[in-house]
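After this come two complexes, each holding chain A, first together with chain B and then together with chain C.
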Partner chain A sequence: MSTWRRVTRTARRTALQAVPSVLAILALNFLLLQLAPGDAADVMAAQTGSPTAQTVLELRSRFGLDAPLLDRLAAYLDNLAHFSLGMSPRFNVSVLSLIGERLPGTLALMLTALGIALVVGIALGAVMARFAGRPLDRAISVISLCCYSIPGFWIGLMLVVVFSVKLDWLPSGGMHSVGIEESGLAALLDMARHMVLPAASLSLFFVAIYARLTRAAMLEAQEQDFARTARAKGLSPSAVAIRHVLRNALIPVTTMAGVHVGALLGGSVVVETVFSWPGLGRLAFESMMNRDFNVLLGILFLSSLLVIVANAGVDILHSWLDPRIEDVG
Partner chain B sequence: MSAAFLRNKAAVLGLGLLAAIVAMAILAPVLYPDDPLDMVGTPFLWPGQDPSFPLGTDSLGRDVAAGIAHGARVSLLIGLWATVLGLALGVSIGAIGGYFGGWLDDVALRAVELFQTVPPFLLVIVLVAIWEPSIRNITLAIGLVSWPPVMRLTRAEFRSFREKDFVTAARGLGFGHGRIILREILPNALPPIVVTSSVMVATAILMESALSFLGLGDANRVSWGSMIGNGREVLRAAWFLTAVPGAMIVVAVLALNLVSDGLNEALNPRLGRS
Partner chain C sequence: MALLDVHDLTVAFPSVTAVAGLSFSVHESETLALVGESGSGKSLTALALMGLVPRPGRVSGAVHFGGQDLLALPEARMRQLRGRDIAMIFQEPMTSLNPVLTIGRQIAETLRLHEGLSARAARLRAIELLDLVRIADPGRQVDSHAHRLSGGMRQRVMIAMAIACNPRVLIADEPTTALDVTIQAQVLDLLDRLRRDLGMALILITHDLGVVGQWADRVVVMYAGRKVEEADPIGLLRRPLHPYSRGLLGASPRLQARAHYRLGRLAEIPGSMASALGQAGCPFAPRCDVRQDKCDSVAPALREMGEARLVACPVAA
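Then we have the complex of A and B:
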């Protein structure tokens, strides 16, 4: 089967399987959030300073929060069918535009962190496998085990102490420098400077995971028949390592990368808080605290979609990495 | 097995660190009988500045060492019980799905897929905010999101064992399903579950610290995460208030990971000794 046909079949199968799951998750999230004590009307009334029962009721009816539960769920799903995620009572704008504003920041942070984690992790893992059992392998393995045990938000704060407070090399928060209007390359460089510390904090844990996984997978692949055959036909050790062993070892590593999209989103909640990064993770947390449930539902919906898309992407990547993996849909 | 574990120096180091933290947690009420949230000294004493506060005091004059000792109780308590809950859910659902197969397995798999589609930490935040932050509720929330990987692991083990000769023999002898699951297959499936469980404790400790850092911890108890959250406010002036509790988290989680690696090498016969 051609690669293209495999890709389209995988995509179609994923979409068909994903629709009922996503709808189920939406409904479950919706019902779950109804269990929370208080709603947006309570929080907003409390913020006016002197809430009366009357204000709360008025707010509740203005946002349609007083309708029966199932009516609200039906209205939400109806909105969704028209590509709308409703309004945010707190910001008084549509959830879609709010998410659209914050999504690029989170995606940039997540993709940079994932990219760093994959490149550095796989490289370290390959070095460890090459020198398995020797001092270099031991040293990297101790370091990666430490990285694996460090909370991302804490290392973020420590990096701020060293690189922002003591050395004054990098900004301690935000996405752009305040008060400077830049465009083009200068703006991009400015953002990159702001991204160094958050991306490093978010990726450290995953660098360690991929290094350990790559090492184990490469050691296993080295023993397989195909690797022996490649060596026997006279390929140089580095050609065997990269074209045969590493390529096979990438399968478990990329599988985990798909699984980790959800974990990265979770990690971005704390890392975005530490670095005042304007992204979805922080927005999700603030929405929960302010009972801005439409926004939270929208973010949960979007993150489920992201996880599903990432896993489908991994499936497609696998059928390219390993021709033996046949589509069974 | 225990001999293989004890030959592994890193694993023994992990076990030693873990024992020290457990001892600290148990002895906390004896060493620091007063509430660690009490203000007892001059604010912002650096570690070593005053011998009666070896780890210094925070912005409100609370003893950092007392907070560290009592925080160990919170971390270990939540880590342990959340793991027990996650294991109970994951192992039972995985065992039933893997052993019986069919529609039961389908339902179990669907449930796991639904859970794994929502980022676990976001779900924990939602659950804790709904139930109000208390030690019990945080434990429940973390336990509830931590079962899917154990379920998949247990299910895979049960699927591979259910066709084995000894299981067929047990069926032939007329053993009931319950007995075959609990007495025949489960003991064989345990090693990878044991290895995973110490990683689960580590993950639960990390999640609890992140929650407390965000201000979603139990407000009446001091925890390493909440100490970091408070220290962050004065990061520029007194970075040790953030560094010390964070270093404790790293030590605790590292110890658990070392133990898990050691158990994996000791229990997994497929891993060659290099």
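Then we have the complex of A and C:
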């Protein structure tokens, strides 16, 4: 079977499997959020300063929060069928436009972090496997263990202290420089400068994971018979390592990368808050504090879509990396 | 003058000396069979010739090939010979091919490395090679992955890969052990035909004396890393001199077909090779049926017994 046919078949299968899971996730999120104490009406009434029971009830009926639970779920799903995620009572704009505003920032941050994690992690893992048991391997291993066990927000704060406060090389937060109108390449470079620290603190944990995974997978693969065959051809150690061993070791590593997209989203809530990065993670945090459940639901819905798309991407990548997949699928 | 001359080859691991002072030579276009039970050091002998003994194994002795000692060559020089002048195929065709690369890419890789062919030329040559090892529809199979092929076909692919650069020596380490009996003869016939057509020397490693009569020009019988007998196959099969060779002959299903049906079982050599460990005298003594007292203390030297015949047993006559 050709690579192309294998890939399209995988893509179709994944899309079909995704629909029921997304619906189930949505309903579950909806019901779980109802368990949280209070709602948007409570929070908004509290912010007026001297709330009366009357104000709360009025607000509640204005936002349709007083209808029975299942009616509200039905209304939500009906909205969804018309490509709407409802309104945010707090901002009084549609959830879709709120999310649309914040999504690019989060996507840029996540993809950059994932890219860094994969490239740096795999490269470090390959180096560790090459020098397994020797001082270089040990040194990287100790450093990666640290990255692995230190919480992301702390790494973020330390990076800010060193690179923004002490050295003043990089901005400590935000996505663009304030008060400077730039466009094109200059704007992009400005954003990249702002992204360095948040992307680094989001990716360090995953760099460590991929380095360790790659190391283990390569050590296993280089003991296999096909690696010996490659050596018997007269290939140099680096050709054996890259063309034969690493190629096989990438399969378990990319599997984990797909699983990690959800974790990256979770991590971005913290990192975006630390670096005041205008993304979905921070929006989610604020919406939770304000009981702005429509926005939160929308973000959760979108996250599950992202995770599913990422896993589909990994499946497709696999059907390209591993020709044995066709017989399993 | 021999093409490949192995002198006093020793491969030692901390736990065991797997090959101990082995000497033999291989001539051009000749098939030399290395025969012995599993664990007698055949694979490590082959890997030592390739310069691929795994760590922490230590190799000593000399392997003369083309006017140089392979064991003394720097690794970079050895890499140029490996796969080009000396090639090897392995026992496990199921796992010896890379699962994620097409077989065409794997064959082409050798050609591009040693002969500097372009990707296109290497691919065309790979198709020719697949045809040469009798793979049907090579133009299509060249893009297959290994998991689509049967064991016999994979071993043919391994052979195609090994002969890609017309090596002068091909080492085949139990090339048929993992295959169905019906396929074994086909693969051995193929190797034999290629040896003749390409003028290669073939080192055929096997634990089955049954294959040597038909496919070998000379036989070296190994036990516990040592050569215990060397002979021409006819002489060996007719009258094995070393008691271990006799035992192997009795244990071969091919040669004892009639006895097998008559008696319902093959004669086994009693005991196991583990008994050779730490043995001061003859390594085979603990299992030998003609053992004498001196065998336990004096390691027997190889004696010439007639033309081109060596045996390491003082009792043999």
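As a convention for this text, the second predicted complex is superposed on the first by the 326 of 329 C-alpha atoms of A that agree within 3 Å, B and C clash if a C-alpha of one lies under 4 Å from a C-alpha of the other, contacts with A are read in each partner's own complex, and residues count from 1 in each chain.
Methods note: a residue touches a chain if its C-beta (ideal position, glycine included) is under 8 Å from a C-beta of that chain, and two chains touch if they have at least 3 such contacts.
Being a predicted model, the structure only gives us computed values, none of them experimental.
Chemist: Please determine, from the superposition on chain A, whether chain B and chain C clash or fit.
Modeler: With chain A as the common anchor, chain B and chain C both fit in the superposed model.
Chemist: Given the superposition on chain A, which partner contacts more residues in chain A: chain B or chain C?
Modeler: B
Chemist: First (chain B), second (chain C), both or neither: which does A:307 touch?
Modeler: first
Chemist: Could you tell me if A:33 is touching chain B, chain C, both of them or neither one (first, second, both, neither)?
Modeler: first
Chemist: Considering only touches as defined above, state whether A:135 meets chain B (first), chain C (second), both or neither.
Modeler: neither
Chemist: Touching A:233 in the superposition: chain B (first), chain C (second), both, neither?
Modeler: Only chain C; A:233 stays clear of chain B.
Chemist: To the nearest 10 degrees, what angle do the lines from the C-alpha centre of chain A to those of chain B and chain C enclose?
Modeler: Computed from the C-alpha centres, it is 80 degrees.
Chemist: Quick check on the superposed pair: does A:68 touch chain B, chain C, both, or neither? Answer first, second, both or neither.
Modeler: After superposing on A, A:68 lies clear of both chain B and chain C.
Chemist: By the touch definition at the top of the document, which applies to A:184: first (chain B), second (chain C), both, or neither?
Modeler: Neither partner.
Chemist: Which value in Å is the smallest Cα separation between chain B and chain C when the structures are fitted on chain A?
Modeler: Result, nearest C-alpha distance in the overlay: 11 Å.
Chemist: If I apply the document's touch criterion, which positions on chain A are contacted by chain B in one structure and by chain C in the other?
Modeler: Chain A residues touching both partners: none found.
Chemist: Quick one: which bits of chain B touch chain A in the complex? Just the residue numbers, please.
Modeler: 110, 113-114, 116-122, 125-127, 129-130, 132, 202, 206, 209-210, 213-214, 228, 231-232, 235-236, 239, 242-243, 246, 249-250, 253-254, 257-258, 261, 274
Chemist: Considering only the defined contacts, which chain C positions touch chain A in the complex?
Modeler: Going by the criterion above, the answer is residues 50, 52, 79-84, 87-88, 90, 92, 95-102, 109-110, 113-114, 145, 147, 158, 161.
Chemist: Could you please specify the touching residues of chain A with respect to chain B in the complex?
Modeler: Per the touch definition, chain A meets chain B at residues 21-22, 24-25, 28-29, 32-33, 35-37, 132-133, 145-146, 148-151, 153-155, 157-158, 160-161, 165, 259, 262-263, 265-267, 269-270, 273-274, 284-285, 288-289, 296, 299-300, 303-304, 307-308.
Chemist: Using the touch rule from the top, collect the residues of chain A that touch chain C in their complex.
Modeler: Contacts found on chain A: 224-226, 228-236, 239, 243-244, 247-248, 251, 321-324, 327.
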